[in-house]
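As written, the chain order gives the labels A, B, C, D, E and F, with residue 1 at the start of each chain.
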Amino acid sequence: MSHDSHAWPADADGRVPYWVYSDPDVYQAELEKIWYGPHWLYVGLECEIPDVGDFKTTTLGERPVIMVRSAPDEISVVENRCAHRGLKFCQERFGNRSDLLCPYHQWSYNLRGELTGVPFRRGVRRQGGMPADFDPKMHGLNRLRVEEVNGVVWATFSDETPPFREYLGERFWKHYTRVYDGRKLQVLGYNRQHIPGNWKLMQENIKDPYHASLLHVFFVTFGLFRADQKSAVDIDETGRHGILISRKGEKEANDVTSDMRNFQGDLRLEDPRIMDVVQEFPGEDTVGMITIFPSVILQQQINSLTTRQIVPKGPDGFDFHWTHWTYADDTEEMKLRRTRQANLFGPAGFVSADDGEVIEFSQQGFAASPDEAAVVTMGGREIECTDHMVTETAIRAMYRYWRKVMGYEHAE
Amino acid sequence: MSHDSHAWPADADGRVPYWVYSDPDVYQAELEKIWYGPHWLYVGLECEIPDVGDFKTTTLGERPVIMVRSAPDEISVVENRCAHRGLKFCQERFGNRSDLLCPYHQWSYNLRGELTGVPFRRGVRRQGGMPADFDPKMHGLNRLRVEEVNGVVWATFSDETPPFREYLGERFWKHYTRVYDGRKLQVLGYNRQHIPGNWKLMQENIKDPYHASLLHVFFVTFGLFRADQKSAVDIDETGRHGILISRKGEKEANDVTSDMRNFQGDLRLEDPRIMDVVQEFPGEDTVGMITIFPSVILQQQINSLTTRQIVPKGPDGFDFHWTHWTYADDTEEMKLRRTRQANLFGPAGFVSADDGEVIEFSQQGFAASPDEAAVVTMGGREIECTDHMVTETAIRAMYRYWRKVMGYEHAE
Amino acid sequence: MSHDSHAWPADADGRVPYWVYSDPDVYQAELEKIWYGPHWLYVGLECEIPDVGDFKTTTLGERPVIMVRSAPDEISVVENRCAHRGLKFCQERFGNRSDLLCPYHQWSYNLRGELTGVPFRRGVRRQGGMPADFDPKMHGLNRLRVEEVNGVVWATFSDETPPFREYLGERFWKHYTRVYDGRKLQVLGYNRQHIPGNWKLMQENIKDPYHASLLHVFFVTFGLFRADQKSAVDIDETGRHGILISRKGEKEANDVTSDMRNFQGDLRLEDPRIMDVVQEFPGEDTVGMITIFPSVILQQQINSLTTRQIVPKGPDGFDFHWTHWTYADDTEEMKLRRTRQANLFGPAGFVSADDGEVIEFSQQGFAASPDEAAVVTMGGREIECTDHMVTETAIRAMYRYWRKVMGYEHAE
Amino acid sequence: MSMQNEVSRIEDANHAIVREFYDAYYETLDAVRLEEWPQFFAEDCIYRIIPRENYERGFRLATVGAESRGMLADRVVGLTRTQVYAPRYYRRFPGPLRLRPVSDGALPVEHNLLMVQTLIDKPSEIVLCGRCHDRLIVEDGKLLLKERHVVFDSEMIANSLVYPA
Amino acid sequence: MSMQNEVSRIEDANHAIVREFYDAYYETLDAVRLEEWPQFFAEDCIYRIIPRENYERGFRLATVGAESRGMLADRVVGLTRTQVYAPRYYRRFPGPLRLRPVSDGALPVEHNLLMVQTLIDKPSEIVLCGRCHDRLIVEDGKLLLKERHVVFDSEMIANSLVYPA
Amino acid sequence: MSMQNEVSRIEDANHAIVREFYDAYYETLDAVRLEEWPQFFAEDCIYRIIPRENYERGFRLATVGAESRGMLADRVVGLTRTQVYAPRYYRRFPGPLRLRPVSDGALPVEHNLLMVQTLIDKPSEIVLCGRCHDRLIVEDGKLLLKERHVVFDSEMIANSLVYPA
């Protein structure tokens, strides 16, 4: 069924029809209009490629790319698709090269993706070779627009994409620079998982403070995140980005926890070092979870700092790449603390494992009912910033933006 | 290729075109018109959930559901899809719950699927919560129509489906109640297998007495099923249901076995207890295989009693769930006998393993030839009840009904 | 997206758009127009089935077939799809049968595929049976046109296909009979691999002498194949078939190897027996790689003789079946030599493993960019035979033919 | 650790005998010498391949069940002379053997089992993964299986379970 | 080979004790007796399940990490009392044990590990394939894990890694 | 069982030596220390990785074949210095070793082998499943492979077979 056959529900902001998660044509349109459209996509951290020639390979949308330091102060992002006959020629995850070489016919490119070598271009002993009109300048690797912003590398396939700061908007620029403040970053390590659910479910999950206080019993029980804590949801002007902010509370039972069926009042940690939290950022906020549409979540959870990259793999699954990092100038003690707290996150995290599982349950639940719809009216139908967690407003905001980009406004 | 592009062969009753088994659009239409249409689908046995709160999860068509005892004398079947954001929230195969709870935001439902709890529905400390117009009655789990008939639980997604007895028709009501006579049932255990062939091939297989006397050498050799035995094929008025009836013969070579190439005259069982059959039902019939369209086969093979549920998984495969049962008041000896005879059936059955394999061979054989057609003219082109086994009439009957439901009549 | 939506690039001979490798509709059209159209497909070697009743099963396009010796001097190729209800009834790779029997209802066919037995065709004791109008002659296995040419068995689904010699054309008949000269062949053994790339990439790979001198460092280093060697590319009139001819050179560095980045001047073999080559064919050519469109590569690489059959498995993969053979009257020493040289080829070959990998890299590289295009202008845009290796002309030729058959000429 | 050495050495001796028994058992099945297979069992024995679900919930139904060496022989005959199935290879990878204290004259032995299937032109896949709960006895100085219960996790069987475990 | 016999016999005795330790360890996990699991570790221990990528590139981040028996116990509590996940079976197939010379009072042991997962109605699949780098000590005559680093090749995890390795 | 004990103990000693040999062999390959690999073979040896189909039908063609330690070394050089392939991990899981009576001065050893491959960002999969038919000899008190035939069921190879078995 083509996605043209789909109509958006009448209660436009209050509902999300399930076909957005499962229709293959909708997914193809998302790749074109969102992933390859006017949006900045997360590529990596500049500290992953410190020296000239250092590279990292990753995937943006479904397209393989190479992020390479092409000069001491320049990072290039080029498509990992040979200009000759299309090989994904670079197969390593990380490495260092003086230039980019395709194994098939050894076409070579400099670190900015410009074609520098074509074996036998002028033939062998006056035989063969490329035609006179062959212009190497026309046959470089496709080079994406790139911005490196306080240690994070962003790229976009589109010329329409506004500058990154503008793409965030001033309020989100503040949120972004609260953690990415220009200090040098350092990688602690990676976690990778394949989650069998539509990629947007991951964005929703992090835009959804409502679930955090109910699903994550571990969080709740230890007061890391609770509906009765001081908190806020902020949304950018377009509705595509969001942030959850909250403040660590105490472990206590009260009128609110009584509403949480799984609250485990008697739970005690035998070794509480995992909960040894320090307040490192200005203000009292202990959690700041930023969703940068469409490709990444920037996590600051107590002292755990990660980027979570989304790589869509068809309508019903995505790869999720976690990069855990620390500030390069952190004390050994702080690095150890962040490493410990990592036990809360990732594919085996006390908290994040829950999210991966419920996303899988979601896809299983609605895959056979594309014409039913999710209800996202917690906190009303408004799309606005709030200073509490009892709302799905950031989800509503994302889908308003999604309809605009995907051309479903007529449906309203 | 859309299924609209398909035409039914001129010899309408005598042929079955292979695209009915492989076209993804035809399969989607089958889900809508057959599985979610006016048909009763097998869900389970009431004895699987004896106590209030006992539940079993299964799949009808491609939709996950929960069969739960919602009151001492009431069984409810609800879709396993949270009314909030669609989770398949119940992941266990069996269990007992006082209510149905979704882990994501802890919405809870009573055993009849009515929404009873929405955490923070009225917000937290006067913040957030669901809008005033939120009516829990509008947000229960989708509840299917249910009939429990002599120990078997049936459900349908459609309001048009006639009552179960009417759905069977009087003659099949007789067949049904011959075995499901109101006595209490008891589960002996389960077998599950994935068969990589279209779901209809399983229905055909059981509607096809012609193969039984030729494919199943074990059967034939030990006289459990032979073309020369007294037997009958009965079909309901619509053509969708069928039954094979036959009478155990002796192990002997004769003019008919001479027609069976694999007849193993010299075969002897070292331990014949597996063949220790008792006549337990009125009359002399020893086999009664009922195909209830589209979802189940009700097997009475000598003393082996099973339900075989079909769960379609795309056009080219289905999961096949066997529930072996006994009458609760059977003697230990009879229960042992049924357990022994189970060696003939299931994924490792002397007999049934053959069927799974030939169904796989079928899909392999015609998948690349959608426009060729099967020949189903054994016994002529008539669609009628017969008192012999040398016919494919029940297959013809099913496809006449299938064309009607799927809208291919014009093709005739 | 249907393939009708695709337009061929303006630089028609110089470009190959990537959608030809990934669009499922294009693939379906290829099956119909190419594989089941007027082309001869490789089935096997006649020496694989020396005795009457010997058979081999394989797959042509996506259709399973049986190649069987139906008489001392007759080989039949029939579809492995029972005329009754479509089973792929023969599941073994090789064997010997006096007739062909389907297990489901024991319909039997003689070795020419004619229906000879239908159990209970006339009913059992005057009941059932096939209708009077049932004509066995109308229900044989689909029999393909077959030609056995100097030890190789070819089949086609189409009546339009010209005789095999004409299909090759006189020049390619010469190439073909240089190796397949009528001497008796003998199988040395099989290699099988699944390559996750479009089937045409394999044809391109062997039509592409440009890569051989660059990708295959082992070849190059040991002078088995080098751009500076005497060589030629020949193409048939239609452009669909091609051959690479070359002459073994010495292991030496020179102006040309300097152009080969991976040239390993210092490489030495500890046990050079693998390189013990003898000149066995008339003339000085040491390599003759023939691509017979669409289904096979006939390899003569020094003393290694193989047929490499392509079995497409969807747009993004194919099974590749290698049959290594020797002349029946070869000395034991020569058979040993061919067996040794086999280490260069197949899924673990010093040389061929490279090709499988780069084909996989290709599919990975362009799968997400269907509207980009490969550049195939090495050696210009002409489609002509050359006496050097610095050209992609045979690839250009194949796609000119492909556009014709597939109906993309309008695009030019 | 010298005393432990002693102990372990003796245990190890028995362990070696039992290991030898199972190595021969699995080698016989991998080589598809099915007619020899029943000889590993006592005349009067119990053999079951049973879904973990049935085993844990107390359901008696087994996917394959036999109550005597004769029934095992009948299995082999049914399999080799009457059944229809695609040709395939099975290969068995047993885990470490766990010997329990002898009880009622039998030696209980437990171990994991991974069974890998390869169909023609298909990748190898896990066809059965589970745990074997066996009881061994000695008859005429020969180890024999008095009971064998193969409890398998892989309850959704890939069409057919053809050869024994 | 008689001298080699001697050597191998003694080695074999130790080997048998260590093998017994691991057989019990994996049996405990396969049986999901999670509360017993921490008892295989020293009070003060290091436990990590770490992607091979991190291990080889010197990144300290582990997918699962613990620095004490207490943290392992907390893992079990978190898993059994707070986490949400689909029901599944895990089964572990260890490869041959490689004992190294004792260093700083601990016996280094390496071995491969294959962990197979089965979800309801799904085929069994490899959920973890890797190599264990352990260090064993003896406390009160009892073998205990002082360190265990499960370095896994299967870096792209199939959604969740639920039970320990 | 005391006599059997004796027997089994001696067998076990030899068994332990051979086991040690294979443990080292597979550890070397898993660790991709390819240059050390040929040292496990006699100078004059036979090595083959051969599809079961060819092996059983008497076809001599092997997917990988070598007739000397030198050819094995050439394999390693070809692999490491000339071939192109995607980065991957291999891990090998051998089954129980079956020692046969010594014949023509060599000890025949058979065992199953499961080889698991992991490609970047892909799930682990079985790349080779088969049985090894080896012959061991002793040179200068060192065990060496005189012959090794890896007969694999998994005949449809997932593109390339890169590293040795």
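Rule of thumb we're sticking to: contacts are C-beta pairs under 8 Å (C-beta built on N, C-alpha and C of every residue); 3 or more make two chains touch, one makes a residue touch a chain.
Small disclaimer: the values here were computed from a predicted structure and weren't measured.
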Joint neighbours of chain C and chain A, given as chain labels
B, F
Spell out the chains that contact chain B while also contacting chain D.
C, E
Centre to centre, using CA atoms, which chain is the farthest one from chain F?
B
Distance from chain D to chain C - Cα centre to Cα centre, in angstrom
44
Geometric centre distance via CA averages, chain D-chain A, whole Å
49
Between the Cα centroids of chain D and chain F the separation in whole angstrom comes to 26
Numbers and ranges of chain A residues touching at least 2 other chains:
91, 93, 103, 192, 194, 215, 262, 319, 354, 358, 361
If you look at chain D, which of its residues touch at least two other chains?
9, 12, 84, 86, 93, 114, 120-121, 123, 125-126, 155-156, 158
Chain contact graph, described as a line, ring, star, complete graph or other shape
other
Pairs of chains that touch, anyone?
A-B, A-C, A-E, A-F, B-C, B-D, B-E, C-D, C-F, D-E, D-F, E-F
Contact residues on chain A for chain F in the complex?
91-93, 103, 192, 194, 319
Over in the complex, which chain F residues touch chain A? Could you list them?
84, 86-87, 120-121, 123
Applying the document's contact rule, which stretches of chain C touch chain A when the two form their complex?
1, 16, 18, 204, 210-211, 214-215, 227-228, 256, 259-262, 354, 358, 361-362, 364-369, 372, 374-381, 386-391
Which positions of chain B touch chain A when the two form their complex?
28, 31, 61-64, 79-89, 91, 101, 103-106, 108, 119-120, 123-125, 127-131, 134, 139
Interface with chain F, chain E side, in the complex: residues 1, 4-5, 8-9, 11-12, 15, 52, 93, 95-96, 98, 110, 112, 114, 125-126, 128-131, 153-156, 158
